[in-house]
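So, here come the structures, one by one.
Two complexes follow with subunit A in common, the first pairing it with subunit B and the second with subunit C.
For the complex of A and B:
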C-alpha cells in the first residue's frame, strides 16, 4: 500500500509540474489573440501609403515607380516575394533595402540622409517602418515565396542557415541557442524554432509587426539587429549582406505561408 | 497632432459593431524623459454619432494606451448608415473620421 501511495504522490506532483506550463501557454495564446484584436497596425499602413505617394528628395519624386521585384510601381504581393536577387543592385534585397535603393535612385536622396533613422521610437516612428508596413500590408493574402533560384539567392540562404547556428559574441550565443528548441520563451513571448518550417511560417507571415509593449511598428531589419544586440555582438550594419541573408533564410524556411501581416506582437 | 484615424462598422446579426483606431501619444503626465516630466496629453472625450445623432459619448483617461483601439456595439443601425467618430484631447485638439455601416 505504501508503495502505491508514494507513486500516487509522485504522479500528483508530476501532474502539478506539467499543468502550470500548459495553462500558461493557453493563457499566452489567449492574450496574444486579445492583443491582435486591439492592434493599431493599420494606422501605420495608412501613414506609409502617404509616404509612398509623397514627393520628396532632390528629385522631388515619390516612390510610386519603385520596383520591388514585380515591376516598377507594383506593390501588390511584392513583400511576400522578398527577399530576392535584383540585377540592378547585384545583390539580394529585402523590402527595406529595396526601399532604400528607390529612395536613392528615384528620389535622389543620399544613403546617409535616407538612413538617418532606420529604427524609430514610439514618439517618432521611422519613415522606413511606415513604408515597410504599407508595402507589407499590400501582400496580405499572397503566398510567401521569396527568391530561391538565382545563385546569389541560394548563397544568401546558405549563409543565413550557417549563421543561424554560428555561435558568436560575448555570450557565445547563436540564433539556435534561443530559437533552436521548442517551448522556450522570454517572459510572455514564445521563442519560435525558426529552423522548423511549420513554426517559421506563421512567424514570417506576420512580420513586420506592431509591438504592443512599446507601441512601435518594427521591421525584420530591426528584429535581426536587436537579436544580435541581445547576443552582445557588435551591431550589424543595416541592410548588410549578413542581415539580408538571415532574412532570406527565415523567409525561405517560412515559404508557403499565406502572408497576413503587418502583425501584432507583445 | 492629429495622426490618422480609421473606423469600420459592420452588421453582426442584430447589432452593429463599430471599431475605431486612433493615433495618439496618450501621455499620462507621469512619465519622465531625461528627468523632465512629459506633460499630460491624452484623449478625454470620444463621441460616436450615427446619422448625426450621438449614440455614444465616452470619457477616457490616462489609463488608455497609446494609439487606442475601441469597439462598440450599437443597436438599431442599418446598412449604409453614416457613422462619425470624433475625439477631443486634453490640449483641445480634435480629430474625426467617418464610415458607413457595411
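For the complex of A and C:
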C-alpha cells in the first residue's frame, strides 16, 4: 500500500522533473503551485526511508543500525546535531559522511562503490540525496546544535572560519567575497552573509533543499562543492576535512535555529 | 625586496596573534587545502597556489595596511602589457561578453573560452535588468566620465588586473589570469565607454 503510494508520488515528481519547458510562464505557475501545495522534498524523504530500510551490499544489511550520533538506529534529531565528532572515525562527520561510514561498515560496501555518484541529477537523484533528505526530515522541530565541545569540533569550526576568508582559485575569491556583506546580489540571487548568525540560522535550518529551478534535492556536500566550482578552484574532495569544516562552521554559526528542512528553494 | 618584507610581516603577525589552540595557522590551512582538492578538467591544482596578493588579502582579511597595499598595487601595475593605440573595441561583442558568466570552471570546455561575467556584479546598460550588486554600477560610465585615452586605459586596466588599483578588490584579474584576451577586454571597454554603446544612451 505504502509502496504504491510512493511509486505514485515518484511518478508524479518524475513527470514534473522532465516537464518540457514549452512556455516559461506555464512552468513558473506550475512551480509556484508545487511550492504552495507542498514541497516535493517529502518525496525524497519517503524514498530515502525506503533506502534506509533496504538490505544492500555484501552484508545484505540495512542502515537501520547506523549511529548518526544519537546511538545506533536513532534518527530523530540526529541531523540537527551534526556535524559532530565521532570516536570510531576519529573525525568530524556530517550526515553524508556518516551515511557513507555506515554503508561501508554495516553493509560492507566499498567506499568507491558507495561514492560512485554522490551528486545526482533531475532525472536520477543519488542514493545519498534521498538518504540525506530522510535523515534531515527526522530532525524537523529540533534545535540546530552541532558538536562544539570536542577539540576536533572546535578545530573544524576554526578551519571553516579560516577557509571562509581564504582567497583562492583563478578568480581570487573567498567565501566572503560574495557572502561577506549584507544586501548584495549575484544577478538576481540574494547572497546570505553566512558568517552572521541571524542570517545563517534560517539558511542552515533548511538544507538539504529541493531546488525548484532544476528539480533536484541538493545537500551541503553539493552546495559547498558547487561554490568552489564557481570560484574556479579545483574540486574539493567529497567528505574531506575542508568540506566538513565549512559545513561545521556554517552549522555552528546557525546554531539555535529550529530545524525545518529539507527546504524548498527557487 | 617588497615580497620579502611582506612575508616577514605576515610571519610576524602570526607569531604575535593570540592563537587559540584550535585555530589552524595560515600555513596549515594552505596545506589542508592542497590535500583536500583534486584537479578536475581545466581546473588544475596550481590554481590553489596563492600569489602575494591572495596571501596578503587572506592574512589581512581584505584590509591590508595602506602602505603595503600601495606597494603591491604598484607591483601588479608593473606587469601590465598595455596595448598601444585605441583601446575601444566592438561594443556589440562586449555586450555579449559582459552578460556571459561562463568559463574557466572544471565542468566547462576550455576551448569555448570565457565571458566577463560583468553583470554578475555590476549594473551596466539598461538592456539587462538582471544584474548583481557586489560591484559599483557602471551605468552611463562613458557618458559621465568621457571616453578619452586616459579613461580607456583606466577601464582596460581595471578589467585586466583590478588588483593593481585596489589590492583586495573583489574583482578577478581577467587579463592577468588569461581568462579574457586583449581583444575581448577592448570589446568590454567599448561596451562601458563607447558613446554608441547602449550603456551610454
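Basically, the second predicted complex is superposed on the first by the 226 of 266 C-alpha atoms of A that agree within 3 Å, B and C clash if a C-alpha of one lies under 4 Å from a C-alpha of the other, contacts with A are read in each partner's own complex, and residues count from 1 in each chain.
Definition applied: a residue touches a chain if its C-beta (ideal position, glycine included) is under 8 Å from a C-beta of that chain, and two chains touch if they have at least 3 such contacts.
All figures in this text were calculated on a predicted structure; none of them were measured in a lab.
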Identify whether subunit B and subunit C fit side by side or clash on subunit A in the overlaid structures.
fit
Give one of first, second, both or neither to describe whether A:123 is in contact with subunit B, with subunit C, with both, or with none.
first
Classify the contacts of A:104 with the two partner chains as first (subunit B alone), second (subunit C alone), both, or neither.
neither
Using the superposition on chain A described above, determine whether A:158 touches subunit B (first), subunit C (second), both, or neither.
second
Per-residue touch tally on subunit A - higher for subunit B or for subunit C
C
Looking at the overlay, does A:64 come into contact with subunit B only (first), subunit C only (second), both, or neither?
neither
Now for A:196: first (subunit B), second (subunit C), both, or neither, which partner does it touch?
neither
Return first, second, both or neither, reflecting whether A:40 touches subunit B, subunit C, both chains, or no partner chain.
first
Touch check for A:232: first (subunit B), second (subunit C), both, or neither?
second
Once both structures are overlaid on their shared chain, how near does any Cα of subunit B get to a Cα of subunit C? Whole angstrom is fine.
15
Pick out the shared contact residues on subunit A: the ones touching subunit B in one complex and subunit C in the other.
none
Which bits of subunit A are touching subunit B when the two form their complex?
37-40, 42-43, 46-47, 122-123, 212, 215
Any idea which subunit A residues touch subunit C in the complex?
151, 154-155, 157-159, 162-163, 165-174, 176-178, 181, 183-188, 191, 228-230, 232-237, 240-243
For the subunit C and subunit A complex, residues of the former touching the latter:
20-24, 26, 29, 32-33, 35-40, 43-45, 47-48, 50, 53-55, 57-58, 61-62, 104-107, 119-121, 130-134, 163, 168, 170, 172-173, 177, 179
Contact footprint of subunit A on subunit B as seen in their complex:
3-6, 21-23, 25, 65-69
